[in-house]
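Several structures are given next for inspection.
Two complexes follow with chain A in common, the first pairing it with chain B and the second with chain C.
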Partner chain A sequence: MSQITGEAYQRRLERLAAHPAMANDNVTLPKGSWTGAARALIGLGVAGLLMTVAGAFVYNAKHAVASYSVGVLCVTAISLGALFWTMVFHQTNAGWHATIRRQLENIMMNLPLCVGLIAVMLIVELASGGLLFSWMRPEYADSPLLTAKRSWLNEPFLVVRFFIYAGVWTLLATKLYRFSVDQDRTGDRFLNNRARFTSAWGLLAFALTTGFFAFDFIMAMDFRFFSTMWGVYYFASGPFSCMAVLLIVTGMLRLRGRLTGVVGNEHVHDMAKLLFGMNVFWAYIAFGQYFLIWYGNIPEETAWVVYRKQGGWENLAAVLAIGHFLIPFLILLLRPVKRHPALAAAAGAWLLLMLVMDMFWLVRPMVYTPASGLKSPGPGAMWVDLAAIVGVGCLWAGVLARRIASGPLIPLKDPRLPEALDHRNYV
Partner chain B sequence: MAFADYFPLPQKWIPRGLRSKPCRHFMPDGSPMYGVVAEYDTAASVYHAAEKVRDAGFKAWDMHSPFPMHGVEDAMGFERTKLPLMVGVVALSGAAAGYLMQWWITAVDFPVTVQGKPPGAWEPFIPITFEVGVLSSAFAALFGMLAMNGLPRFHHPLFKSERFLASSDDKFFIAIEAHDEKFNPEGVRRLLESTGASRVDLVGAE
Partner chain C sequence: MSATNPDRIISERLAGIVSGAPARDPRDDGSLNDDPAVRPPLVLNNRSFGEVTDIICGYAEHTPGKWWLPMFLLAASVAGIGVTMILYLIITGVGVWGLNNQINWAWDITNFVFWIGIGHAGTLISAILCIFKQKWRTAVNRSAEAMTIFAVICAGIFPAIHVGRIWFIWMVFPIPNYNSIWPNFRSPLLWDVFAVSTYATVSVLFWYMGMIPDLASLRDRADRRLRRAVAAGAKKRLPDLIRAYVFGLLSMGWRFSSRHWHRYEVAYLILAGVSTPLVLSVHSIVSFDFATSVVPGWHTTIFPPYFVAGAIFGGFAMVLLLLIPARELFSNFKDFLTLRHLENMAKIILVTGMMVGFAYSMEFFIAWYSGNEYERDAFLFNRVTPIWLSDRGAPYWWAYWTMITCNVLSPQVFWFKKMRRDPRAIWVVALLVTIGMWFERFVIIVTSLHRAWLPGEWHMFFPTPVDMLTFAGTCGIFLTLFLLFLRFLPVFAMAEVKAVLPQASPHGHDDHDHDDHGHADHGHGAAHGSGAHPGGHGPSHEKEAH
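Take a look at the complex of A and B:
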């Protein structure tokens, strides 16, 4: 790149701007579009969250917090997946991704929202003295399994760690987003180099913060349980679910007559391949973790699994094995499905449902444990879960829709755009 | 070339349907003909020539270039390969066979309790099922690809032509084989000359 003079590069940008696919009404939504939908989604989200609060009074606060956590963990996984892909594509200098990157960045920029939602979760736990985070409760203070972990599981350090996770994610997301938006304006091609440099240390910081976030906010709900694979297990939910959202978003934009010749079926094919591959990765990690616990047969670990293989939860585990892995695996193996925008988006939507099931299976059994002394109100109380998950999801989607409509749908002056516009899979 | 030509076996060992077809065209000296080969100087000219050969309806022909050319599969009118289907079938049946093998050995034929685990538990079977699936799909992909390409082979009639060696240097070639339904030496020569070939030669099969 560096041997291209500024003048020659300006001419190249002019040629790019004259490309028929780069016409203004193809790469931007009309002013004011999607505002109604975004407002409706945010309203629905707030209503869902209010219903969750009502559920806390009808049943108990622990149930409501657990339902809310399921929703928050899902949308955080998706947003983290977008941050992951943005950095991976910058780091590998991937040419084909240039036309889909702005949507990835839009999803990624929901991370500050996710941080806020997590902060609410943390404040509730701290104020209530540990509804789900049982290690905060005084009755377990003398448990030898907890005293050994006290240097990690204590409130001040948890708050410090939360600020580290929140800071790293927000910093990375806003930094990368700003590079991309600045490039729209200035056309400075060296912003890609800076984004690439940021991604290099960013991926390392991302891996550590995501892993330890999963330790603190999911695994620590049962302080006796431990799995060194846990960070990867939670991370594995991100990349495929983000690709699912990306397929749905680009599909909707194409239905609106946008992105013609910009995001074609070749891009859909690649996104669906990543959806397929990262879903298999999830299955690999999920089985690998379960398998070692099964073989090792250590009571602290097996208790966690055994509890999720009884009392009806074994049905959900079967749904995950079949619905999250087996059926999508066989369907997404087929090339025509991966190259069909609607079918690929439908597979993505199904996998988003399975993401919710997965998080539900992890978090929700913690509510009515025998030790909690709470009596399960039965399936009638599921409306709280539905309200919380749909509420958080709609809030997240509404904020995303507003951001998508507010700017160009692709990075307008990325030097890799010509390559991405001509992208083809030669297989 | 027929499938059987790739294997140095006596014809009577080969199933009737796969045997070599008798040669219909002969060189001026009376020896069997492999086909007609045309030489091109640029990638663009051979690309457009391939489109014309494709549109003329030939099936048994190939193109040779010193480097990979993007989009040439469309110019040559390639159909999608059946290899993925073969790999899929072999992989799934291989994985199923791997699972059944372990299940039969450890749960039916010779159950031994190890670490107090139930003999028919599915968990320990999964890694080996996966590995057998991967191994059989890799074999199916490699050997299926080799068989469908007629590989390995030790010699090819085109290598007899000194000029053809330039296909790994700076020249491009199209070779139409004599066993193609539409093949006749004069018509093929006229077609290839009309596509801008710098030279057209007959090639013997032996």
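Take a look at the complex of A and C:
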């Protein structure tokens, strides 16, 4: 089939550049904007983390580490979600996403930061001899369940695996980001094909690393527990939460008078549909996992769940069922909500809160287990959790804000940009 | 400006400016385009609306060729053998199958899950790909939906006949009765009844509703021919009389009015929305049949999405298995089902194949990681290790390795562009995948059951000829129905195919011929979008360029 000539494509790019929606002040933020906000967010983040350290001394280190882990797992899920969507959109030759892809890529480029945050988590675990990762503790060394899986759950191999996850994520994110940024400069449309190929093997590498990361950094906190769905369960938090952040980011840019005619309500509609759909996917996976454990009713699986259905944690589980699935499902089913930038972003913000609740429900019950001998200080200690989660979130958001302000808000020369500019939902 | 003249392509072709049917290169039919700036055509050879109608209605109005009748008779005979076997089973009892006390589910449930899985591709194409606005689905949706229904028919046979006393099958429905025998609502087998019957109902509705405009076209064409025949005094009127009557009934008064179309599009979207969770729920519930039981190899949490991915995988393989030969057997079929379509489906095979591969490895890893010796044994030894390698190995190792080879290894050839653009290679892989997916269910069901907790319960399963002929019979039923569909109904969704033709675009379309001819090109949308879009309309110099 005919390709169009380079010359004809150049003309198309020139016309695209002359498109009123592509005017410079529509697709870039003014120099120096958002720096104050970014600085404030990063400052807030550092302050939150310092408070978390203080919390470790006021209460106990385990509590602080768990709260920090909740935050890290949340922002990692969002960043992985962005990597996932970028690759899926490349893989499927999507047209409509061209105008939102740069923001996805910006979120995705927070993965190196996440890797750093995870590294801190890992170092603390290794140094403390397993505050949360109970399998590191000497008192379980002779547990038959642990010796059976010792060749997986051991410190050197965990470090090796961490480097594999970190390497794969950083490589994929930077590679895809570079393709996109290079295209802004050179206008080489065949970079899309290279990004597509990277995404093909990238999705495979992504699935394996995300799955095993979830095993190693969440499931293995209780080494007795196992679930084949676990990797999918953690993955399922990424796509919807990333769409939530994307809706908020594009909404804020539009409030600044940017992206007029570039990211319109048609795009909002589609992002909100994906937010809705992937949130239902999360519910499907979460229900499937819970249901099979409940129905099978064998102690080695149910012990983990039973512990999260008592001592107040059952309330959080109910919040998840209602707040993470039922209410957003009923609200996001409505077309006007999905097409309203502010409402869709608000729904996204709510689901981000639910993401935190979900990770909290997974990790935090690990702290004051009967075996730990620690006594829960009660709800008064919640400020540590708040400080850690908000701290990590603000740090992450500040770094994101800086990157957003530093360059064009959309890929300027993507060959599918005309399609995205003209995107519409007819029905 | 060419964009304002939707008939330009047709008029140019009629005037001989653009050739209507250029010589085709079998390896590149014009749909394989790696330029990200150009969307390849979804229908080849610049077909006009009228030609699309003529070609697609033509399939339903004429005998496809000499191959059809012998093939139909063969398929119908095999179906007849299958029906005979089922009757023999009902008269004699399930003892005619190779089941035994330990392996009380074998080929029957394997075949059930196999067929119900085949159906999923149809719903995925018609519902999920519709929601994702994947326009290429128009080439395959109608036949895939038909296939869904035929596969569900085949699937429904097995649970019904495996109960033994089929005259009590009504007990699966929660009908009040005097003996107070109520179904167990906690049994996933009962949920199966609801899930599969809902799925069948919605699939039929979806298929039928989507077909109404096309049936009306067939009705109108038969009617027109009939009137001409009456006017000319021709004798041979009966076939068209039957068509006008049957299609007239089935098209429910469709008059192609814009109001009809509006309702149709809304209804289509609603059905797509309803069907999407159905695709997930049906096979999730089928997976619950196994996963809720505490049997090593059955009870694992990844089963629901793993079964759904496997169903889509097997379903797409079946779509390819049927449509690649159809491409060769029907004239002009390749204009609608291009190599690009095949390539897309090959990619889906690769993706879903790796999803099931992911699930296999997760099962395997967690079986080891759990430290549970029964779980470990079920995977590491019962499935994987050949009995001649270790005395802890199992006799069904070959079934597991057949599954891995067919489902995980064989689709890997689609990493190569050459392979996913070669219909023959795709067909071979599709065949292997179909075999592999049958074996997947066999491995899950029989391998897990044949080694129970106590060695005293260990048994082998050997299929009897009745087992085999019943399965062959369902293949016959499936093929018979599909051949009838090919012969009498519109194989492509005509109205939807027309909607993806370039001349259907209200704002004109990229005309890349012009680029090649050295004219200035005009990018889609950016140059001539709709006025409703804030930045849609191109600046005025755009228009001067043409």
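We adopt the following convention: the second predicted complex is superposed on the first by the 425 of 427 C-alpha atoms of A that agree within 3 Å, B and C clash if a C-alpha of one lies under 4 Å from a C-alpha of the other, contacts with A are read in each partner's own complex, and residues count from 1 in each chain.
Simple rule for what comes next: a residue touches a chain if its C-beta (ideal position, glycine included) is under 8 Å from a C-beta of that chain, and two chains touch if they have at least 3 such contacts.
Nothing here was measured: the structure is a model prediction, and the numbers come from that model.
Novice: Evaluate whether chain B and chain C can sit on chain A together after superposition, giving fit or clash.
Specialist: Superposition check on chain A flags a clash between chain B and chain C.
Novice: Who does A:335 touch here: chain B (first), chain C (second), both, or neither?
Specialist: first
Novice: Per the contact definition in the header, classify A:157: touching chain B only (first), chain C only (second), both, or neither.
Specialist: Once the two structures are laid over each other on A, A:157 reaches no partner at all.
Novice: Have a look and say if chain B or chain C is in touch with more residues of chain A.
Specialist: Comparing chain B with chain C, the partner touching more chain A residues is C.
Novice: Following superposition on the C-alpha atoms of chain A, which segment of chain B from the set 7-15, 25-33 or 61-69 overlaps chain C?
Specialist: After superposing on chain A, the stretch of chain B hitting chain C is 61-69.
Novice: Which chain A residues lie in the overlap of the chain B contact set and the chain C contact set?
Specialist: 291, 295, 297, 424
Novice: With touch defined as at the start, can you tell me which chain B residues reach chain A in the complex?
Specialist: 70-71, 73, 84, 88, 115-116, 123-124, 126-127
Novice: If you look only at chain A, which of its residues touch chain B in the complex?
Specialist: Residue positions touching the partner: 287, 290-291, 294-295, 297, 333, 335, 424, 426.
Novice: Taking the touch rule as given, give the residues of chain A at its contact with chain C in the complex, in rising order.
Specialist: Per the stated touch rule, the residues are 1-5, 8-9, 11-12, 15-16, 18-22, 92-93, 95, 144-145, 148-149, 152, 189-190, 192-193, 200, 203-204, 207-208, 211, 215, 226-232, 260-262, 264, 273, 280, 284-285, 288-289, 291-293, 295-298, 300, 415-419, 421-422, 424, 427.
Novice: Can you list the residues on chain C that touch chain A in the complex?
Specialist: Residues in contact with chain A: 28, 30-40, 131, 134, 265-266, 269, 277, 280, 284, 288, 291-294, 299-305, 351, 354, 358-359, 362-363, 366, 368-372, 415, 512-513, 515-516, 520-527, 529-530, 532-536, 538-539, 541-542.
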